[in-house]
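Note that subunit A is present in both complexes that follow, paired respectively with subunit B and with subunit C.
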Partner chain A sequence: MVKPILKLITVAKEAGVVTRKYPYDSPLLTEEFRGKIEIDASICWGCGACVKACPSNALTIRESMDVRELVYFAGRCIFCGRCADVCPTGAIKVTKEFELATEELEDLEQVVIHRKVKCPICGKHFVPQPLGRYVCEKCAKGGVPTYMMVCPECRRKVGVKKMIRCKGG
Partner chain B sequence: MRVRTPRALKRSIWVFHLNTGSCNACDIEILDVLAPFMDAERFGVKLVASPRHADVALLTGPITRETLPKVVNALRAMPRPRLVLAIGACAVSGGIWHDSYSVIGGFPRLKKILEENGVVIDRVVYVPGCPARPEAIIYGLAVLVGLLKKKVRKEVKEAGER
Partner chain C sequence: MNQHKDPLPERLRPIESLIREWLWIDRGRTIMLDVKRENLVEVARGLYKEIGAFFKTCAGVDERPLWGGYAVHHIFGIDEEGLDVVVYVRIPEKDYPWVPSIVREVPAADWCELEFRDLLGIDPRGRLTQRLVLPDDWPEEVKPLRKDVPYGYRPPRAEETKPAEVGMYPSGVPVGPYHPALHEPEYFELYVEGEEVVDVRYRGFHVHRGIEKLAESPRFDYNKVTFLAERICGICGFVHSCAYVMAVERAGKVEVPERAEYIRALLLEVERLHSHLLWLGVAAHLLGYDAGFMHAWRVREKTMILAEYLTGSRKTYGMNLVGGVRKDITPEKVPKILKVLEEVAKGTKKVADMIVSVPQVRKRLEGTGVLRKSDAAALSVVGPVARASGLNRDVRKDYPYLAYKDVSFKVPVYSEGDNLSRTLVRVEEIFESIEIIKQLLDRMPPGEVLNEEWDIEPGRYAVTSVEAPRGEDTHLLITGVGRPYRWRVRAPTYANIPALRPMLRGQELADAPITIASIDPCFSCTDRMLVIDVRTGKRSVLVTRPQVKVVSLG
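Let's look at the complex of A and B:
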């Protein structure tokens, strides 16, 4: 009876203690571990590429009159990191943060507010300011974009009027 | 800093594992928590077979329609204070099934159904993750009992002007 127990003790001594003292010790994180994402509001355009890539709709866009809100709800996130892959500016970064336990779901939300460009003709708000500015920079190539900051509907109307005037001579 | 805890939890926490139609990933992480490597028994956490013995229900899964009556019964059988640890993205908010027809979609919606049926839940802690790490579950338990304070907070940022 005694012998097997003695054997066990020797085996246990060889193995040592494997238990991690987690809350008092660092967690076991590998390099490729993905946790909560972080959105850098100073670089984000509000283009919505991450929203289309998100498989679980953790990232959503809330549109209102003059503001576009990019809402990240970590409670629904599956930490796949696709949003960081598709982000054209690299505003979204995957952090190693996983200690997200909370009593209120509101704590898991992260909101980035984008103000929209105002159309000078009809006064409608249509595209986030940084995105509009980027398109202007890319398309104008130094020159001044004529109807770039005009909303699509007004742009169409103005364009048609211009064409009619040209044809009429 | 210590937060005031319910009286019943000054001693060991007995947990009941309640799977409500999850994919078993969170369940395996719960096994990891109880196994010697993470060893939640350091804090007196013990798995029990009946909800009548349990202090905390470890709820995983998006609560399918099929499991709903059983979940309500199991939670009703628990003694007060009734504490719930919602583990995984599915239990927190429905996860990738949030708009599916066959699930209730997370604990917040279940809570309303429970209130209609007269089952009071005293405290809930949500542990997001898909699946939640064993460390995250231990952290959630510590938040539930009041050993640690929560870290996350709602962030509202305005896009910067260039």
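Let's look at the complex of A and C:
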């Protein structure tokens, strides 16, 4: 019986104290750790690529009349960082933050609000403004085409009318 | 059906006359035998008894949208050939589907037959049946895995609950059902006569989460299911995500960069390291040697930090995608990995040596919970449990996958079948894993790690097995449009729990906790005494000390 105790004493002595006084001490994190994400509202387009890639529905889109909201709820997040992989603008950054305990549920939510483009013909709101602007910039080489900011339905109607007129009907 | 004109393998000749047609799903690796329903029992007997195949699992599939009926897939594995044999039986009935039960020939098929009875309503004829997976208050007519049941279905609240069944023995000791810290609530009822365990009853599936059904739902796609697969298990999550992506890749013929295969194999071994060290600690704790527990977990912590360094998550989560892995292991990381491995090897050697040298620990491990080789083979047990009972089974050797064909390692096999040999198998595997990781790092080819250019046709089929720390993990996958059509998961503990019955019978009650733990499940240590009045079937639980005293004196 003496021998195992001697062994234990040697092992324990070699190991020393390994317990950290967390949370007073820093947590044991490596530089690769993935924590919650942060969305930079000034770069986000509101395209919804992250929502499509999110396996756990932590990212969702709330649509209302004139506003599209991108909602990130950290309570459902599994910290996989797929959203950051697929974000076309690099608006989503994975942080090292993981100490998320809170008394208020709202603290776990980040909402990015995008106003939508208003159609000058029917007054309906459709795509988020930054996404609309991006498409305009991408497509318009010598200035914004006439019907760029018109909603798809009106654009179709106007297009058909124009075609009929061209044919002389 | 026989698209490939390849001949039937020599090993399957004895049952050739019983097979309607055969189809090589993956040449040299998986063959599907189309068998008439009336021949199923004969084929199962031939495969299991004459040919010497092991049983992996079976899966019922609702194939009504495809051809109008149901089907049952029984998966056998011939270890020596590295060949998976899928016995496919069509069931034409739409209303009351049935298949003959093969449980008399193949005892290992017990649970999965009950499972397709519960989830698909396919009746296995010729055996005793009871509910296994579904809760007692689930409505009888709803078969959740049928395609016409929506994935979000919730049954109405149960108004009445049935009284619990009564066992045949006068006194039982319940072990379970919940342990707040571990992920797998189980419930064992140990029937005792004096100190001796005479029988065991098991009730599990308290936390059946319907993951297979969820993966078929429209909110998932092939890549998202990878993250769902990881969450099947809190210890061997990477094993499940690997088995799943490998199944998708094999079914859809997706090319995977070689470097990604090396990284996956490496992480599988990191997972084995942390899982075995965890088990070693838990075993020491159960035997009352808490110093061993603390030190085993101290060493384990290093592997957890290594996992985080390599994947970004302590639990090796979030690495796999269909077509490769998301994070490369850059050359700068290699020295740090080697350093950690060195520390873990040294630490494990000392701690394991310390634990098994304590006479009290050794005495309680030696000769307890014996599983004979014949029982182990009949129940097709897997992993360290099989290897400790003299069965030389290891998926990494028998059905080489990922980068395992390129590394050399030993498979420790013991013949005693007791708790000590299961401990020693695991300890030896820790050192083998360290060697495997070193070899993988040494031979890792350069190049890409992720192939995102893929397109998967519906209706393809794959069976994959991955050696988890606890044993063989088998996944069956049929591809659908944008997501799996059917995905069946058989975790290793599913195959090993039935082996607890022969292990526990005739044991002293005091050895039951370590024996249950020796298959490495997660089990509850809430044990109280339960008294059953045999005449009235009334049960009561003793909670106070005086009550227990009265019974023990009585």
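We adopt the following convention: the second predicted complex is superposed on the first by the 157 of 169 C-alpha atoms of A that agree within 3 Å, B and C clash if a C-alpha of one lies under 4 Å from a C-alpha of the other, contacts with A are read in each partner's own complex, and residues count from 1 in each chain.
As a convention for this text, a residue touches a chain if its C-beta (ideal position, glycine included) is under 8 Å from a C-beta of that chain, and two chains touch if they have at least 3 such contacts.
Small disclaimer: the values here were computed from a predicted structure and weren't measured.
> Which partner does A:Cys122 reach: the first (subunit B), the second (subunit C), both, or neither?
A:Cys122: touches no partner chain.
> Scan A:Pro4 for contacts with subunit B and subunit C and give back first, second, both or neither.
second
> Quick check on the superposed pair: does A:Glu32 touch subunit B, subunit C, both, or neither? Answer first, second, both or neither.
Second partner only, subunit C.
> For A:Phe79, using the defined touch cut-off, is the partner it touches subunit B, subunit C, both, or neither? Pick first, second, both or neither.
Both partners, subunit B and subunit C.
> With both complexes superposed on chain A, which partner does A:Met163 reach: first (subunit B), second (subunit C), both or neither?
Touch status of A:Met163: no partner.
> Under the stated touch criterion, which partner chain does A:Cys139 make contact with: subunit B (first), subunit C (second), both, or neither?
neither
> Does subunit B (first) or subunit C (second) touch A:Ala41, or do both, or does neither?
Once the two structures are laid over each other on A, A:Ala41 reaches subunit B alone.
> Please name the chain, subunit B or subunit C, that touches the greater number of residues in subunit A.
Subunit A has more residues touched by B than by the other partner.
> Between subunit B (first) and subunit C (second), which does A:Glu109 come into contact with in this model arrangement: first, second, both, or neither?
It touches subunit B, and subunit C stays clear.
> With the two complexes superposed on chain A, say which partner A:Val18 touches: subunit B (first), subunit C (second), both, or neither.
both
> Considering only the contact definition stated at the top, list the common interface residues of subunit A for subunit B and subunit C.
18, 28, 55-57, 78-79.
> Could you please specify the touching residues of subunit B with respect to subunit A in the complex?
36-39, 42, 89, 92-96, 98-99, 106, 108, 123-130, 133, 135-136, 138-140, 142-144, 147-148, 150-162
> Which residues, counting only subunit C, touch subunit A once they are in their complex?
So the residues of subunit C touching subunit A come out as 219-220, 223-224, 226-228, 231, 291, 295, 298, 301, 305, 308-313, 317-318, 326-327, 347, 350-351, 353-354, 357-359.
> Quick one: in the complex, what on subunit A touches subunit B?
18-23, 27-28, 39, 41-44, 46, 55-57, 73-79, 97-103, 105-115, 128-130, 133
> Over in the complex, which subunit A residues touch subunit C? Could you list them?
1, 3-4, 7-8, 10-12, 14-15, 18, 28-34, 53, 55-57, 78-82, 85
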